[in-house]
Amino acid sequence: MTATDALKARRTLRLPRTAPALRRLGPLGVVAAALLAAVTLTTLLAPVLAPYDPDRPDLFNALAGASPEHLLGGDALGRDVLSRLMWGARTTLSGPLLIIFLSTTIGTTLAITAAWAGGKVDAVVSRLLDVLFAVPGIVFALVAVAVLGPGVPGVVLGLTIAYTPYVARVVRSAALRERQLPYIAAAWVQGRSAVGICVRHLLPNLRPLIIAQSVSALGFAVIDLAAISFLGLGVQPPTADWGLMVKSGLDSATRGQPLEALGAGLLIALVVAAVNVLGDRIGRQEGELR
Amino acid sequence: MTFLLRRLAGLAVVLVVASFLVYGLLYLVPGGPMAFLLGNRSGTPEQIAAIREQYRLDDPFLVRYLAWLGDALQGDFGTSLVYRQDVSALLGARSTTTALLVAYATVVIVAVGVAAGTLAGLRPGRADAVISALASAALAVPTFVIGVLLVIVLALGLGWFPVFGPGEGFLGRLHHLTLPAITLSLGSAAFLARITRASVREELGREHVETARSRGLAERHVVRRHVLRNASIPVVTVTGLTVASLLAGSVVVENVFALDGLGSLFVRAILQRDFAVVQAVVLVLVTAFVLVNLVVDLCCKALDPRLSR
Amino acid sequence: MTLLDVRNLGVAVPAARDWRTLVDGVDLAIGSGEAVGLVGESGSGKSMTARTLLGLTPPGARVTGDIVFDGDSVTGMSRRELRALRARRVAMVFQDPRAHINPVRSVGDFLTEALIAHLGHTPTEAQARATRLLADVGIPDGARRLRQYPHELSGGLLQRVMIAAVLAAEPELVLADEPTTALDVTTQSEVMAILDELRRERGMAMLLITHDLALAAATCDRLSVMYAGRIVETQESTALTATPRHPYTSGLMLSRPSIDTVVDRLPVIPGRPVAAYESGDGCAFEPRCAHAEAHCRDRRPAVQDLAGARVACVRAGELTLQGDTA
Amino acid sequence: MTSLKKSAGPDTVIEAAGLRKEFGPAVAVDDVSLTLERGASLAVVGESGSGKTTLARMLVGLETPTGGTVTVCGRPRKPGRVSSAERRRRAREMQIVFQDPYSSLDKLQRIGAVIETSLDLHFSLTPGERRKRALELLEAVGLSERHASMLPRQLSGGQRQRVAIARAIAVEPQILVLDEAVAALDVSIQAQILNLLADIRERSGIAYVFISHDLAVVHQISDFALVMSGGRVVERGATRALLSAPQEAYTRALRAAVPRPGWKPERRPVG
């Protein structure tokens, strides 16, 4: 039978699951993972590694270019740019991680509940998601800032609300597809509880998708948080933060010192690229496993 | 027709809910609306009375909301506490700048994204590799970083473009908007290129394309009438979503290039706690966003006969 | 007169590190106007064989051997020649019409596009011709159907549309790849009847790819049975069903339950069907064969002529196998 | 006689009366009644859209009937939410095997675990006993110990269907519903599974409800048959009699469409 032929062909082409994780990432994936590890380590070890106190102004170093003492020069207040870049990943990365953790947890719970319960519960959740979708993500964050005042908590709250419907929509449609499969019906007929089926069958089968989804959302969250900080509404000065440094660096650049803006911009781009590559690889594996 | 009516009704519901939330937010602020409206300003009793009057703080919540909504429907969003000007007047001129910026960026996105994506989809190998790599790079760089880089290189370094400001006359404005529009469009164009490539690839592998080939139709004919035609459906959907998200992206870009549009007004209003302006801008953005989505749905329905039942 | 002559056809697709053989040493001949059935289970390579005849192999596939159509070598054709072959001389009916007809184009578009492109019809002529073709395949209200989209038609109607499209080209050979597998039994009967009748009227030859031996036997002049990428037996249909010469053919027939008789337990072929690349050096069927002997593992059995049958089994001459009794 | 209307005796395992299922405006199943005796095999035959699968899903409780009643092993099945204890009790009465061998197993669950989970839900066994019983069940369906540690994708379609059968009989139900359970399999595998099902019924006295479009398969596996079309039962009777001398035009057309030696496809006006 040709239909089963095709099914079988698709299944035999799968990658062996036992292949080592690194090899499955591919060379580019390994580079991306290494870059993220290096950034994380650097920022954790910044108190030891950074040559200067990131917050100490030095008028002699203000808007200075690169020099042996200050490899990337100084910012408008004369603070060492390299030291500030080393510290700067903390807020740039921890905020998005929190946003993704929260939105993935809330979104997945909502999605699986809606997909399993179906009927009215699903209709209510879907309408709610539709309404949330009618507002561009960054607007949520800005409104939250308008209410709570500039700062990280408002942005995290706003972006969590903004990201949750994306997670929920993707997971819900995958969960709806998955729950149509006969193995779920078989578990139900066997007398398994709804919670048991969701936790033991549905969730593990959706896990690769959820991971791929949250990794690629992480890239967007880094960009969004940095953009809001750039606008002056997120992380507040004098904290060393990449988004903020692009902002102050733009000012310095018009006055002849582009290294602060370039360095911070480049680092954000590299981190996001690395996260995207990882998300892409994980997503591709998920596709092959289907 | 019933489809359109249903969609319009849904749209109205979304707008009512959004407006309710936007209005209600004022009351979620710690300390209540009064503390919020006064913000860091210290109010004299007269000012406080004036604010109470303007925001009808003595009426019940629903009455106030309905009154505000009624006014908003007539284009009256109240008076800005900072500018001491009608909010609608503040919005008017700035909307044009933002609309022009978004339109400019849309043209760039569709032209570059669809062309590059189609090319990459149809030509596996070098063209595909180059385009995919460029798209990945462009996707990783945040809008504001692109903007800052363009300012540093093209405007400050090479002096090809004006750095800041809106410009005079239509051509002048376009010239001034070129860097902002490129900034705004780069990431989205890359995203659209990816989607286009993926959907062209997917269609190329479809069974009905095999049928067309098995009938001896010329490859050009197969590509045009079957592959591209079918691939256009997801591309249109994503284009719409992208354009809608440009409305939000313009907030950032206007700030980089110091353009006086809705976005920069929005950010200033937030910083200065000018709530009448915040409410109005959010409503305008949501309305535009929802309208763009409606247009996309209509396009998809026209393109895909399976959707019209 | 031989219309299609396939000699020693092999198809392999690239796998992780090496080649994966799907079709191996297939010889097949079809005379003009003749109907030949190619029968096999999943992985037998029957569908790949049919696609290869039209050059529709997956990207990177390696094709060996000769395919000669009406004196011309198909394997050596330029793209233009191949297109001309597909356009006017060899046409294909696919298994799943819902996937194989563009869902966003109307039925009319589907039927007329080839008429306009290949036969130089004007759109109006093509419309009229398409309506007549639909009438030929038993769809009376053609003008209305032409304006409909595939999702508005049932699977059976859609498969008739596919057949009408094939007839439009007036080819000399129709390749029908499981044309009725996705359909209900009563619809299958009708669609096969239409295909059979119109093919005979127009003197077209047919290669019917199917897993259903009884269906193939009822509609084809001659049958070839495939196993693991090779043809194991070829005979006239009636002879093959009465006196199968290959143990696999016999096993396939006997393991299928009958609507006329009930047996306590069905005689089964143990194990599962394998693809060409999964089989060893000897006879691919040997591990499942009730009549296997040690030397069956030694080498691939050569095809031998045996009283009008061509059989790839070293023991074919000494075995008396049971066929379908009716 | 399973097919004839009579009062439910002690040996009746399913008694369904006036079953109806609507999906919005569409009526999938319309006034279907059936009885099934202990250890009997009842086939439900029909083409796509006949309502046979919906009927099967209502019997096992995957769909709630719009109307009608189902009594299983003497206990009426009340519609609506039921306690988990009641659901497990129902599971011990009736199990189901689906058509698609690829998606009827959780792709992340090892074969041994599939069977053990099912034992765990219904019997209190020590881990050792459970493991032993799971291996017995796998052997009963023609698999061996080495399959227990495999994932579904390491098995062929026929082997997966054997696992699905083992999972179903693990809870020792009175009735097994087989929804097109051999339709997706190759001919040579189909025969193996049909024989396996015959063996299981002979050994355990389980009753089958066999949903199928394939008259030849139905002929081989069932004692009684219902022919369904458009949601209604058009004919019922003992399978052999029904197929050798069908009374209704629809059944005759269905039978006439089955390819067999000497058969020619028949063209009918488009309906």
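Couple of notes before you dig in:
Which chain is which? They are A, B, C and D, in the order written, and residues in each are numbered from 1.
Going forward, a contact is a pair of C-beta atoms (placed from the backbone, for glycine too) under 8 Å apart; a residue touches a chain by one contact, two chains touch by 3 or more.
In this text, all values refer to a predicted model and were calculated from it rather than measured experimentally.
Where touching is counted per the definition, the chains common to chain B and chain D are A, C. Chain A has its Cα centroid nearest to the centroid of all protein Cα atoms in the structure.
Chain centres were defined as the mean of their Cα atoms; on that basis the chain farthest from chain D turns out to be B. Centre-to-centre separation between chain A and chain C, using Cα means, comes to 51 Å. Per-chain CA centroids place chain A at a distance of 21 Å from chain B. Remark: chain C and chain D have CA centroids separated by 32 Å (rounded to whole angstrom). Each chain gets one centre point, the mean of its Cα atoms, and the points for chain A and chain D are 47 Å apart. Annotation for chain C: residues touching 2 or more other chains are 41-42, 96, 211. Shared contact sites, meaning residues of chain B that touch two or more other chains, are absent.
Residues of chain A in contact with two or more other chains: 1, 3-4, 8. Residues of chain A that touch chain D in their complex: 1, 3-4, 7-8, 11, 14, 17, 181-183, 185-193, 201, 204-205, 289.
Of all the residues in chain B, the ones that touch chain C in their complex are 206-208, 210-219, 221, 225-226, 229-230, 233, 303-306.
Every residue of chain C that touches chain D in the complex is listed here, in rising order: 41-42, 138-140, 157, 184-194, 196-197, 211-215, 217-219, 241, 251-252, 255-260, 262-270, 272-273, 288, 324, 326. Against chain B, in their complex, chain C makes its touches with residues 54, 56, 79, 82-88, 91-92, 94, 96, 99-106, 113-114, 117-118, 149, 151, 165, 169. The touching residues of chain B, when paired with chain A in their complex, are 10, 13-14, 17-18, 22, 25-26, 28-29, 36, 136-137, 139-145, 148-149, 151-152, 156, 163, 244-245, 247-249, 251-252, 255-256, 266-267, 269-271, 273, 275, 278, 282, 285-286, 289-290, 293.
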